[in-house]
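You will see two complexes here that share chain A, one where it goes with chain B and one where it goes with chain C.
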Partner chain A sequence: MIKKYISDEYKIKKEGNVLSYAVPVADIVQVCNDLYFKHKLQLKLITALDDRENTGQFKIFYVFGISPENIFLLPYISLKDEEEFPSITKLIHEASSYERKIYTFFGLRPKDHPHMTQILLHENWPDKVFPLRKDFKYQTRPDYVDGVYESQKVEGEGVYEIPVGPVHAGIIEPGHFRFSVAGEKILLLKPRLGYKHKGIEKLFEVLPISDKVRLSERVSGDTSFTHSMAFCQSIEMLADIDVTERVKYLRVIFSELERLANHLNDIGFIMLDTGYSFGGSNCARLREVIMQWNERLTNSRFLRGVNMIGGIQKDIPIKLCHELLLTLKKIKHDFNEIIAVSQSSSSVINRLSGTGNVAKQVAVDHGLIGISGRSIGIKHDARIEYPYAAYNKLNFDMALEEKGDVLARWSVRIKEVSTSISILEQAILEMPSDNNILHNKNNFALRSNSYSIGIAEGWRGDIVYFVATDSKGEIARVDVRDPSFINWTILEHSVNEDIIPDFPLINKSFNLSYSGNDL
Partner chain B sequence: MANTLKIKYYNKKQFIPDIKKALPDKMHRGLPILDTEKCSQCGNCKTICPTAAIGQNPISIDLGKCIFCGDCERICKTGAIIFSNFNKLSSASREGLVITEKTTSEAFLPPAFKVRQEIKHIFKNSLKLRQVSAGGCNGCEFELNACSNANFDMGRFGIEFVASPRHADGLVITGPITRNMAPALEDAYHSTPNPKVVILTGACAISGGLFKDSTAIDRSFLQKYKIDLYIPGCPIHPLTFINAILCFIGRY
Partner chain C sequence: MSVLLWLIQLILIPLLSPLCIGIVRKIKAKFQNRTGASVLQPYRDLWKLFQKDEVISKDASWIFKFAPYFIYSITVILGASIPIFSTIFYPNLLSDILVVIYLIALGTFFLALAGMDSGSAFGGFGSSREMTVAALTEGGLMFSILTLAFAAHSTNLFVIAKNISSLSFFSFAPIILAFGAFIITMLSETSRFPFDNPATHLELTMIHEAMILEYSGKRLALIEWAAANKFLIFLSLGANLFFPWGMSLTNCLSDTLLALFLFAVKILILCVFVAVLESSIAKFRFFRLPDLLFTSFILSIISISLII
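For the complex of A and B:
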């Protein structure tokens, strides 16, 4: 099966769910082109590794996923004594941000990249200091330098700029948006992120392994459980740990509770942004029910401190299972009533429909994933495509919409609330009862000089963890790819037909993570 | 119409009438109870703690650093550390967050909770706050939003979040204060009219949490300006936040 993707001339190394093979620098554009366009594989990540201590080289990995076999192809190039590599952005547009990130953090320049500027680090960061190189110590705090932020300008009669943020009106994360407008109509929007950059990827290299799990819970606070699950899965792959069946079901349950809480919150907030406080307040109330259940089940409202490598800390007693089923039934009933009332309000539907349109081809080119992708008919869902935990044993459909406007993104969430409740009910009933929830290897060793990919569908979209180990079996690099990193690129293309007052609504309908993007 | 009324009735049922008496579920990790007699001095808790919050001889926990992961409770074989569900934790001084065996829940409530008289005088009946997310993970932001939902309804005390620092009586800071956010935080501070208060919420803001040594953090703001209130948690619980503010403005 693999033969059709990889030419015979490359030597393949298979470890866990990863097939890695070295490709000469000159061939990489062609290899990626074939995998992406000919074989229609999804590009999941492009990342770099500073391997100069071992081999004197930088390596750049291109991660392609094969669904539903759940295998990842990792063609990689090695750069010795050079700091340039061929860019694939002109062919594969979604590669753009990955290559810019590699330039910013490793100082490796993608040759012929059409839009080469650094991301995430601001102008206060000195030139030629690259924090993810191994010779950069994680405690160093370079002096501030005076740089000027230049954004794209629109000129013409009556055109003016509106800067918004980084401190916003609501209690949300920081980001800067610069609008060029004529009257109320948005001509151009340039988002600027990186305000939350706190060096997470560097910390992943230095913290002890148990703290790394705690750190993954804090990459994006609202997705604590799924982030730590993706990280734990990648480590379990490297250590050849099989988690028990019960753990797989428990992970499904907690992950779906997280999705349910966040979708309820978003559905409410989108209604609140149209001024419909009935919907906003009631959905916030339902979310609170889930949050209190999270606390009852795991001691933490955000499901933190639950995942661990090889298992899960908290089991759900049988008595609570029955109670949870009853609560879910009530929530389903309650939610359907609220949505029925809300959908009959023409002021809500009118405001949502046709707002924040994304053109399908633009979405495909940017590699849109998650709920934003599914709202425009892009069928990506890691729970189905790369079945992990116990998802392959459960029955559910992908929630899809076609239109790609705010209404579509709102409706996808409504459908997913029902799917989540159905998954939860199945998982609770079918969960095997007699298993141990912790693995019995107290000390585990990771394979040396190896790579692994952890993937899990967070409520925004798929979360990818790339982990590389060095010759001693220590973790040398962790790349975290939150879905927001991809989906932020679409925001500026979704406001072109809209007016300024619609922007908060459009932004909320994506509800992307700033923290997960900035790392 | 009948449906709308029915839903409004559900809404009312979830409301917490007495915030001061309300406690979270008994599973919640709040104030840790320490027992030196049970402590075998093995040091396992100190080793496993991700943020170095635990001190030995005698055993103590700095709640400003604690991320309430519960690892120390799990690893302690003798039960010297047990988390209780008491979560009305807050202090007007940084030292007040370091707990020992002798610390009881009363230490966090008036009259032990001490604060400048002028704060009570000025802000007792109305406190408008501006939240600045200085690099956190979005957990504390979610919980601050939850403070205003139908359950907790913080607005009933005249405590609200406002849209601009110019309308605010004080700043609520979440997150470890990143290098890129530090200038914006300082701007927000200077835009807030005097007299103003500064409140740090969550382990990240108080001590830097897991990120304290990271290259991208700049915590010089905290050395420059006076901090009036520390509210621990990771993230903070809405009940913790509301009760802390009530203690702070003298309405507990």
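For the complex of A and C:
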């Protein structure tokens, strides 16, 4: 099977779910091109590794996923004594942000990149200081630089600029949006992020292993569980740990509870942003039911401190299982009723329909994933494509919509609430009663000089963790790819036909993570 | 006695307007499965704001500082010149339709001016939207009350109230039509659904709230109070011009008390109507608002042609 994708001339190293092979720098564009266009593989990540201590080289990895075999191809290039590498952005547009991130944090310049500026780090960060290089110590406090932020300008009669944020009126994360408008119509939107950059990827290299799991829970607060699950899976892959069946089911249950809570929240907030308070407050009530169940099951409303490498720390007793099933039944009933009332309100549907349209081709080129992708017919769902935990034993369909407007993103969430409840019901009933939820080997060792990919479908979209170890089996690099990192790039393309008063609604329909993007 | 009545007429609107806002909020909360704050909360909010310090942008001119007092005084004057519970005040020169409607417009004008004055992007937004909506609202408002003027053969609001209450039942069809038109303009003028969301925190979607975003402390309190007054003024106009029964025609005490009671009932019904409306529909897209306002205008025209 693999022969199909990789030419014979490359030497393949297979470890866990990863097939890595070195590719000469000159060939990488062609290799990526073939995998992406000819074999239609998904580009999951491009990341770099400072391996100068061992081999004197920087390495750049291109992660392609093969579904449903759940295998990842990692062609990589090595850069010795040079700081430039060929950019693949001109052909594969979604590579753009990854390459800019590599430039910003490693100082490796993608040659012929059409839009080469740094991202995430602001103008007050000094040039030539690259925080993810190994010779940058994580406590370093770089000098303050007086840079000026230049955003793209639109000129013309009656055109003016509105700066919004980074501090907003609601309790939300910081991000700056600069609109150029003519009257109410949006001509151009330039989001500026990075206000929540806190050096998470660097911290992953520094903290002791037990704290790394806790750190992954804090990448994006509303996705604590799925983030830590993706991270744990990647480490378990490196340590050859097989978790027990019960753990797999428990992970499904917690991860779906997280999805359920967040989807209910978003469905409600989208309605609230149109001013439809009936739907807003009722969905908020249902979400709170889930949050309280989370607390009851795990002592944490956001399911923190639950995952651990090789197992899970909180079990669900039989008695609670039955009670949870009853609650789910009640939620399903109430939710269907609320949605039926809301969907029959023409004023709500009128606000949602046709607002925040994304063109299909633009979405495909930007590699849109998760609920935003599924709302325009891009069929990606890691639960189905890269079945992890116990998802391959459960029965469910991918929620899809075609239109790509706010209504479609709202409807995908509504469908996913139903699938989540169904998955939860199946998982609770089918969960094996084996009591072992912890891995029996307390001391585990990671393979040295190895790589692994952890993937899990968070409620926004797939979360990818790339972990690399050094020659001593220590973690040398963790790359966190939150779905928001990809999906933020589409926001400015979704407001082109819209007016300013509809922007909050459009933004809410994506509800992307600032923290997960800024890292 | 008439001095007492005058006093009541003068303070009734500013006294009761925060309560109206409180009642609407309370009913809305009930619709959302919430307990909601006490109906007296708007009074506490005003009291709190009056105690607070103010922050005024250094770019703001005298208009910004002066506008809240002006807008508030206008609503008090308006409150004193409309029929509330008694028709005995009719020789009041300010009670002419044109005076009342254009005093309202004057308040809106100064509010829009103040919104732009501080130089923030949102204030300008709010003002631009408010003027767009206000210009389209004026026609519907003017003509819906003009219908009554034609029916009552007078442009004095007190005389209108008196004459409409003596009309025969069958001549009420055009007046109901005009009431529909009036309700639409009322929702627009008082920044309620589906025109504006008084409860939103989304600065990009606001109309009225965007204009007053820069205000704080006492001036904010005055503006909020003025907005509440305006709300009650419109409710009173709706209740007492279109359904003027029960207003006292003399200055006798029992009549007055009955009239006050009936006024309270009518206002309460309208508050419930606004709260139910706000709980059951979503805010309209901004560019759909003109359609609604044109509907109001056309309703008024039809009712006028029915009367003439």
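The rule is simple: the second predicted complex is superposed on the first by the 518 of 519 C-alpha atoms of A that agree within 3 Å, B and C clash if a C-alpha of one lies under 4 Å from a C-alpha of the other, contacts with A are read in each partner's own complex, and residues count from 1 in each chain.
By our rule, a contact is a pair of C-beta atoms (placed from the backbone, for glycine too) under 8 Å apart; a residue touches a chain by one contact, two chains touch by 3 or more.
Computed from a predicted structure; not experimentally measured.
Visitor: Once the shared chain is lined up, is A:273 touching chain B (first), chain C (second), both, or neither of them?
Guide: So A:273 only meets chain C here.
Visitor: Looking at the overlay, what does A:58 touch: chain B (first), chain C (second), both, or neither?
Guide: Neither partner.
Visitor: Go through the superposed model and pick first if A:231 touches only chain B, second if only chain C, both, or neither.
Guide: Neither: A:231 stays clear of chain B and chain C.
Visitor: Spot which of chain B and chain C makes contact with more residues of chain A, would you?
Guide: Tallying touched residues of chain A, the top partner is B.
Visitor: Should A:184 be classified as contacting the first partner (chain B), the second (chain C), both, or neither?
Guide: A:184: touches chain C, not chain B.
Visitor: With both complexes superposed on chain A, which partner does A:391 reach: first (chain B), second (chain C), both or neither?
Guide: neither
Visitor: Between chain B (first) and chain C (second), which does A:210 come into contact with in this model arrangement: first, second, both, or neither?
Guide: first
Visitor: Between chain B and chain C, whom does A:5 touch in the aligned arrangement: first, second, both, or neither?
Guide: neither
Visitor: Report for A:485: first if it touches chain B alone, second if chain C alone, otherwise both or neither.
Guide: Neither partner.
Visitor: Should A:254 be classified as contacting the first partner (chain B), the second (chain C), both, or neither?
Guide: neither
Visitor: Which chain A residues are contacted by chain C in one complex and by chain B in the other?
Guide: Common interface on chain A, chain B vs chain C: 169-170, 278, 281-282, 285.
Visitor: Would you pull the chain B residues touching chain A in the complex into a rising list?
Guide: Going by the criterion above, the answer is residues 3-4, 6-7, 10-11, 14, 24-25, 27-29, 48, 50, 67-71, 74, 83, 130-146, 149-151, 161, 163-165, 175-176, 178-181, 183-184, 187-188, 209-211, 213-218, 234-235, 237.
Visitor: With touch defined as at the start, can you tell me which chain C residues reach chain A in the complex?
Guide: Per the touch definition, chain C meets chain A at residues 28, 31-34, 121-122, 125, 128-129, 193-194, 197, 199-205, 278-288.
Visitor: Taking the touch rule as given, give the residues of chain A at its contact with chain B in the complex, in rising order.
Guide: 121-122, 124-125, 131, 136-142, 144, 166-167, 169-174, 194-200, 202-203, 207, 210-211, 214-215, 218-222, 224, 265, 278, 281-282, 284-285, 287-289, 291-292, 295-302, 304-305, 313, 334, 337-338, 340-341, 513-515
Visitor: Quick check: in the complex, which residue numbers of chain A touch chain C?
Guide: For chain A paired with chain C, touching residues are 160-164, 168-170, 183-184, 271, 273-278, 280-282, 285, 345, 347-348, 350-351, 499-505.
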